[in-house]
Amino acid sequence: MVKLLFVNPNTSVSITDRIAAAARQAAAPGTVITFETAPHGVPYIATRAEAVVGAQVALEMLAEHQAGHDAAVIAAFGDPGLGGARELLSIPVIGLAEAAMLTACMLGRRFAVVSFASALGPWYRECVEYHGLSGRLAGIRLLEGGFRSIGDVQEEKEDLLVELARQAVQRDEADVIVLAGAPLAGLAGRVADRIPVPVVDGVAAAVKQAEALAALRPRKATEGTFRKPARKPTDGVAPALRRLMSGGN
Amino acid sequence: MVKLLFVNPNTSVSITDRIAAAARQAAAPGTVITFETAPHGVPYIATRAEAVVGAQVALEMLAEHQAGHDAAVIAAFGDPGLGGARELLSIPVIGLAEAAMLTACMLGRRFAVVSFASALGPWYRECVEYHGLSGRLAGIRLLEGGFRSIGDVQEEKEDLLVELARQAVQRDEADVIVLAGAPLAGLAGRVADRIPVPVVDGVAAAVKQAEALAALRPRKATEGTFRKPARKPTDGVAPALRRLMSGGN
Amino acid sequence: MVKLLFVNPNTSVSITDRIAAAARQAAAPGTVITFETAPHGVPYIATRAEAVVGAQVALEMLAEHQAGHDAAVIAAFGDPGLGGARELLSIPVIGLAEAAMLTACMLGRRFAVVSFASALGPWYRECVEYHGLSGRLAGIRLLEGGFRSIGDVQEEKEDLLVELARQAVQRDEADVIVLAGAPLAGLAGRVADRIPVPVVDGVAAAVKQAEALAALRPRKATEGTFRKPARKPTDGVAPALRRLMSGGN
Amino acid sequence: MVKLLFVNPNTSVSITDRIAAAARQAAAPGTVITFETAPHGVPYIATRAEAVVGAQVALEMLAEHQAGHDAAVIAAFGDPGLGGARELLSIPVIGLAEAAMLTACMLGRRFAVVSFASALGPWYRECVEYHGLSGRLAGIRLLEGGFRSIGDVQEEKEDLLVELARQAVQRDEADVIVLAGAPLAGLAGRVADRIPVPVVDGVAAAVKQAEALAALRPRKATEGTFRKPARKPTDGVAPALRRLMSGGN
Amino acid sequence: MVKLLFVNPNTSVSITDRIAAAARQAAAPGTVITFETAPHGVPYIATRAEAVVGAQVALEMLAEHQAGHDAAVIAAFGDPGLGGARELLSIPVIGLAEAAMLTACMLGRRFAVVSFASALGPWYRECVEYHGLSGRLAGIRLLEGGFRSIGDVQEEKEDLLVELARQAVQRDEADVIVLAGAPLAGLAGRVADRIPVPVVDGVAAAVKQAEALAALRPRKATEGTFRKPARKPTDGVAPALRRLMSGGN
Amino acid sequence: MVKLLFVNPNTSVSITDRIAAAARQAAAPGTVITFETAPHGVPYIATRAEAVVGAQVALEMLAEHQAGHDAAVIAAFGDPGLGGARELLSIPVIGLAEAAMLTACMLGRRFAVVSFASALGPWYRECVEYHGLSGRLAGIRLLEGGFRSIGDVQEEKEDLLVELARQAVQRDEADVIVLAGAPLAGLAGRVADRIPVPVVDGVAAAVKQAEALAALRPRKATEGTFRKPARKPTDGVAPALRRLMSGGN
């Protein structure tokens, strides 16, 4: 049995529900997944500033809930806190964007990121750059205009997102579509046959990649840049993270 | 049940045996893997010229044996023929190097490629560049000097390879080690605790990535650069590939 | 009169003292600088995980103390929280690393980053990449070994740092040396004549760049990726940041 | 007298005829050129899979016909098999795309690749990347729609190709146009005065570059990545290539 | 008191007047600026060839007028002669483009260069590449069509330039606008409130950066690539430059 | 008959003599070459400042002597004035470095630049970057220490240069050696059999590339970034260049 931990650094339970539904559908028979919603922060992360808050809460949630899991996923597309989490934890940690993009790389040469709100653009672009994958990016295409509710945005915008994905294929030479953002979890399966190239769902990709890493059982680095940082007195963070970082109690 | 096809574009059965042993150990319970050894070509691919021959035989083997499988792996580190295979087949196809490097990206920031023969360097470097991952590469470190037998090179060179991996960590700032080349299949597991960062075995990574892609069931592109090429009269290749490319019989 | 705000996202008052001394020496006659030390977090940020915590506290400090200032500086070398701060605030915000590196670009073609602890390497490298300046980087050279106290590390390691800087000039073709890390604030002035190329002190550079930006009085973006984010209910952060992000009270 | 070998890895004699006509017009008085058409493979290479087949047949043709020549050209735009050929042969070997692009670099800053079929795009783009020339590429512009016959496509599409070239100049800031693909051999001369920047014909460029390299008489590498590979038993390839690779008979 | 030298490598006094007006407005109270107009060369530099001439006259002017100044500015957007000036002089020398672009980097992530004549495009693009800032460039947008007089082009084209800047924000995702070219000096202040992101005036940015560098008092390199070149007999240049380069009289 | 113009922007006749000897040896039977030595400037260009002076004199020499030639070469390794010359002239113009590096690209994957004086390093590196070929560069290796006379440096340093070239092959993975700098003209032929990879002589490469371009008879651009610049009143340059730039007399 493989035990995965998904931490949603957004405070919206409706997003966690979307994530959970998509994740369970993607999980292998022996996989058990714990889902946690951010106890504080913002309803859904869309900007650099919100990602700062999301990064800390992601570390706090991982510190608190990691025990007993084989791998963990930071379940927001920009992967807030990912590098820090990978330093602190002894189990593999991956991000939703990372899992989606690396999976997309195996399905074609250039992928496009498609999502529902133009506000997400800069954060997503910086995320692609952070992972060193700009050379594989065909483009980022985002819907203009607002939406009614983050929990239902995927139904409300379904047709427009399909159209956007098609444009990415026809105008940007995308070989693969990444439907980005936790609120779109599960949409890929519903629209795959209306888009003429493979479509990657970040949540499903993260489940499979986390299962893969868990199975490989990589050791924790004891040297190099992801060895566990030396412990330092730390405060102002949630107790579990404080313990993890400061070795105190 | 997931059915995977591993084609070894080298003609050495001893390499296929190494691959098979490592793959079976990495496979999930419900995974069944078929292993095929190249019916012609070279004993083990180490140069650009040999990779040209290996690329065609890889396509021929995939064309002949793909039926009934859910995903396929080109089981040589430089991924000969990968782009073409991805055009021709309707199931996902991945390469050993690709699977190893993308897996390594999820375990750290920079990976080093470590292998047993300096002749492999240029081909491996071009492979990293082809995948657009040069920005994630800490370096390529290869043993100097010859070896007794390709089938036993991993035992013969084990200590030297461990030392090389340590150098990559300490001098090149590698966060992850990729033990490259099918002849090293299975070595990672044996030496992991002597190398202070995660070690990726290409064969094990390929099994997990192929399982992941098979589970995601991505559609075959009908547009974009990986749609199936228009059929053209083709000859001088093995019958199954000829049929696949030329639509004749 | 120009009013600058320096927020030190480290909790060490001794580091703030170093920063303040170096900043006051660099400031123009009419410049008044407020210095704030992080009320919580870690003594000095050295890793990605600590930078996550530092990023949030930096935003919290900026939100609380920005009123009445003309420009602000995040006074830690990796610039934690910089992108988010630039979204949220209406005054210019710069980072210590950013100011140092851009200033160095005007004094030569390639700069080297020199600092006192090897643990800082990965975070600094990611910072250079984030700013898109890898093409101008000659290298990062860091001292091995521990140190007695973060407050006095610059005196303890002065000779070794000078030697490291010389190596960067002679072996890495560096045209300019950036002495990196707030704990080294003020050292550049003391050692400049022992290093054969220009030496940039991050704190001094930040003072001059903040003065420059304050004088230019750039408008706050109302479009593009640094417009102020739409307000969202936010909790779990310090009150001033909460008000700034959520528009509540 | 200089003796050049042009191997057309396509099986279409009509393409070889086009190549030969353009090559003879470009050749210096003392240059003698041998033209060979692929004995098997595909009528004209347009995709990655077809390039795999073309690469092997290119090596086979070079192995069989190289004797007595001073330099050789792989006369298909994507340069199939180029790296391998450069390892195996002792005379210089260049590719059509390589010769065209490097020549274009000497006539301006950014070149555009213009050709007759959108299917060629991905293969051409990977070719530009392989040669490390993406920074000099203004863009790739390809005609949509089918054509009647590969042998006459240059007459059928002449006006459309001229229009496409003009668009590359006016919209993509191209300083030079590369008319790409062996089927367009000779077109450049006919349309040069209707396109407002220099136009490079791949075949003519390859003749001049092959003459240049032949005159320089560079030595065969005995070290480095293009030294002749160690011989290995090889089968399943044409006899001459088998001999060259395996040292057998 | 800080003394700055601005050399305008264009021969148009009307451009120097524009520069002087904008520079004086940006200067700090204690800053005194000397302005020099090129004694020969071209009215305004717009092409690579004109930049060659402008580069030499820039060095000649700097050599003749540098005495008694604390920093110098080459006041043409493409920074003609910048690298050479930085070698020869002992005071800091910066270029208009360099100062504008580095300042823009501190105000957002991606900047657009906007100017009044399409002829400037290639020279500006090469300038961005020279400074290693292509990764921060959102795009270059230039007006088509001629203009009446270089001295009044900023009034004549004001509305069109504002419109172009808006397009750069909305279509190219520019976070900051750089109004490029000495003839536009001073325009930024007039139009800033009609453009929804920060606007950088090259002259104002150069004043502030020159003041900043003068205040930091960096030492002249005695090693590395910007140490003063060994003196060589030089003729055919203006007397002061001849003396500086040849050590003669 | 092909008529080539070589302009040596150095004032050393001994360098022109070296260039002429090497060029005549490389020239095809029907090629006639005119050699011109700079009438003013510096004895040999080694720094950015000297390259500024060399760039203008190169344009002046090309303007004065171009009549009746089919192609021209700027015969100094850093290609001073190349972009401007390509704008102004109607015949092809190439640089020594450009010709050498592009020729090297056809002989291997990565080339090393080897020369006789460390002062040349920065100028050469910027030249490689300018041509967009950094991805093909294995490294730059330069001799330390002075030399007796620029005219005889190749004899004095022959053994050391051979050793440096071997290091580039063995330590930097260079596939090709470029012996850089006009003072080394002709050396490649003498040492080729002591260096285990192809060696490119810049002068010989330039002759062959100039012959190639002359034979291709590319049209002068009338649009795009290398169209002839609009004429402007220009003074302070040699009469022929003044006429060419200003259209006056």
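We call the chains A, B, C, D, E and F, going by the order they appear; numbering starts again at 1 in every chain.
By definition in this document, a contact is a pair of C-beta atoms (placed from the backbone, for glycine too) under 8 Å apart; a residue touches a chain by one contact, two chains touch by 3 or more.
These numbers come from a predicted model, not from an experiment.
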Maximum centroid distance from subunit D, chain identifier (CA atoms): C
Copies subunit C and subunit E - rotation angle from C-alpha fit, nearest 5 degrees: 180
Averaged-CA centre spacing for the pair subunit E and subunit D, given as whole angstrom: 44
Separation of subunit B from subunit E, taking each centre as the mean of its C-alpha atoms, in whole Å: 52
Centroid spacing, where centroids are CA-atom means, of subunit A and subunit C in whole angstrom: 29
Shared-contact residues (touching 2 or more other chains) in subunit E: 83, 86, 109, 121-122, 126, 173, 225
For the subunit B and subunit A complex, residues of the former touching the latter: 26, 28-30, 83, 86, 92, 94, 98-99, 102-103, 105-110, 131-133, 135-136, 169-170, 173-175, 192-193, 196-201, 204-205, 208-209, 211-213, 215-216, 218-227
Subunit F-facing residues of subunit E, complex: 11, 39-44, 46-53, 55-57, 59, 81, 83-88, 119, 121-122, 126, 129-130, 225, 229-230, 232-237, 245
